[in-house]
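Here come two complexes built around subunit A, the first alongside subunit B, the second alongside subunit C.
This part shows the complex of A and B:
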């Protein structure tokens, strides 16, 4: 089970309305390589991996949900005071007529979230390699958003998230090594 | 200023909790690193200390902490703004 903590993992400071930036951040909210896909992917894979790597999947999945909340906070605050005209200028006219000022799990192009974005293969090595790739793709996406954004406060939070992708990638790589060691140990005895 | 103080104290909790998150991930794949395990234990202790300081002033961050009678008497409720995305 999970217990809610009434705080963000890392502070999010929004100084001004910027619906266009919110739209770009949506790529990491409801996109193929985003935090929702990551969280659901790892949470689902944890049931069918060896005991030694369950914690890695469980705890990174949990952290991804806190990343999702940081992104939601950015999107909410960047759009909450935007007029319909401002939303339309930012390319969010179609979003507005369907969702108003509500958040929606979609990517930067407005494509709704889908679980076809990720796998659970029932093969721990295949799953972990997908997870490493997912972290690297998320890291790249954060970099592209940072490059296109001129909001220093948002970029500070995005840089934190980008660095977390690096750490998660490293932990997944180590998890692969843990499984290889176990496999080799079994061959010896 | 109360709001600024709250933000600062919350930031202390966020920092300390983050150290726990990071060391938990590390020890998941380095279960025999004794130094890391010691740091991890101390990080949990420090995070609990800072959380207690914050919660004493501003109320529980989760329902794993016991709300004081005084907090309830003076009007603190779980279902009370600001939520994290409103701060």
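This part shows the complex of A and C:
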């Protein structure tokens, strides 16, 4: 069960209509290394990991949903009231035909989200290593979006989100260390 | 070396769990986790043993068998 606070994790200021930037941000919204994939991955893996690391996965999954909400706000505001012509010019003509002004879980190229973007292996080490890799890939994706964006306000929020990937990566690395401490001793007969 | 390459934990068990509970869950903690960089001059298998194990170095072998029943 969750308690919802009707505010964003970190402020999102959108000063100009920029559907092309919205399209690029979609990579983190519904892409392979995006926040939705991260949230669903951790929220699902959490059931079959050792007790000591359930909390890390649950807490980070929860935070990822708050990141998803920030991205949704950016995409919504960057495309709100954009004309079909503006959307088409930004490469969102096909998106407009299918979804109008609605948001959709798809990547920057318009490929719809799929759960094949992530795994639940049932092996704690395999799962945590995937999680560490996912955080580093998300960090890199934020870097490339920041590189291609000239919106200083959006970039401020993206820099915040990028830094959170660093922190999460470290938490998962710490979870691996916690499990290594659970190593069984040899039975001496 | 008095440690295995397995870890274990006792998951929470509810009195209302529908399936008979597995009281201890085991998972792999393979050797590479404890060796960030492989030390030099580790003992080696004979060529025939190395082929059978899949590595020249006994320190990298943790084995796995069906009987372990890691869940």
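We take it that the second predicted complex is superposed on the first by the 183 of 189 C-alpha atoms of A that agree within 3 Å, B and C clash if a C-alpha of one lies under 4 Å from a C-alpha of the other, contacts with A are read in each partner's own complex, and residues count from 1 in each chain.
Just so we're on the same page, a contact is a pair of C-beta atoms (placed from the backbone, for glycine too) under 8 Å apart; a residue touches a chain by one contact, two chains touch by 3 or more.
As the structure is a computational prediction, the values presented were derived from the model and not from experiment.
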item: First (subunit B), second (subunit C), both or neither touched by A:175; value: first
item: Winner by number of subunit A residues touched, once subunit B and subunit C are compared; value: B
item: Contacts of A:2 with subunit B and subunit C, given as first, second, both or neither; value: neither
item: Subunit B versus subunit C as contact partner of A:60, first or second or both or neither; value: first
item: Touching partner for A:72 - first (subunit B), second (subunit C), both, neither; value: first
item: Touched partner set for A:185, first subunit B, second subunit C, both or neither; value: second
item: Intersection of the subunit A residues that touch subunit B with those that touch subunit C; value: none
item: Interfacial residue positions of subunit B with respect to subunit A in the complex; value: 10-11, 13-14, 17-18, 21-22, 24-26, 28-30, 60-64, 83-85
item: Subunit B contact footprint on subunit A (complex, rising order); value: 3-12, 55-56, 59-60, 63, 69, 72-73, 76-77, 167-168, 171, 174-175, 178
item: List of subunit C residues in touch with subunit A within their complex; value: 1-12, 25-30, 33-34
item: Residues on subunit A engaged by subunit C in the complex (per definition of touch); value: 50-52, 123-125, 176, 179-180, 182-186, 188
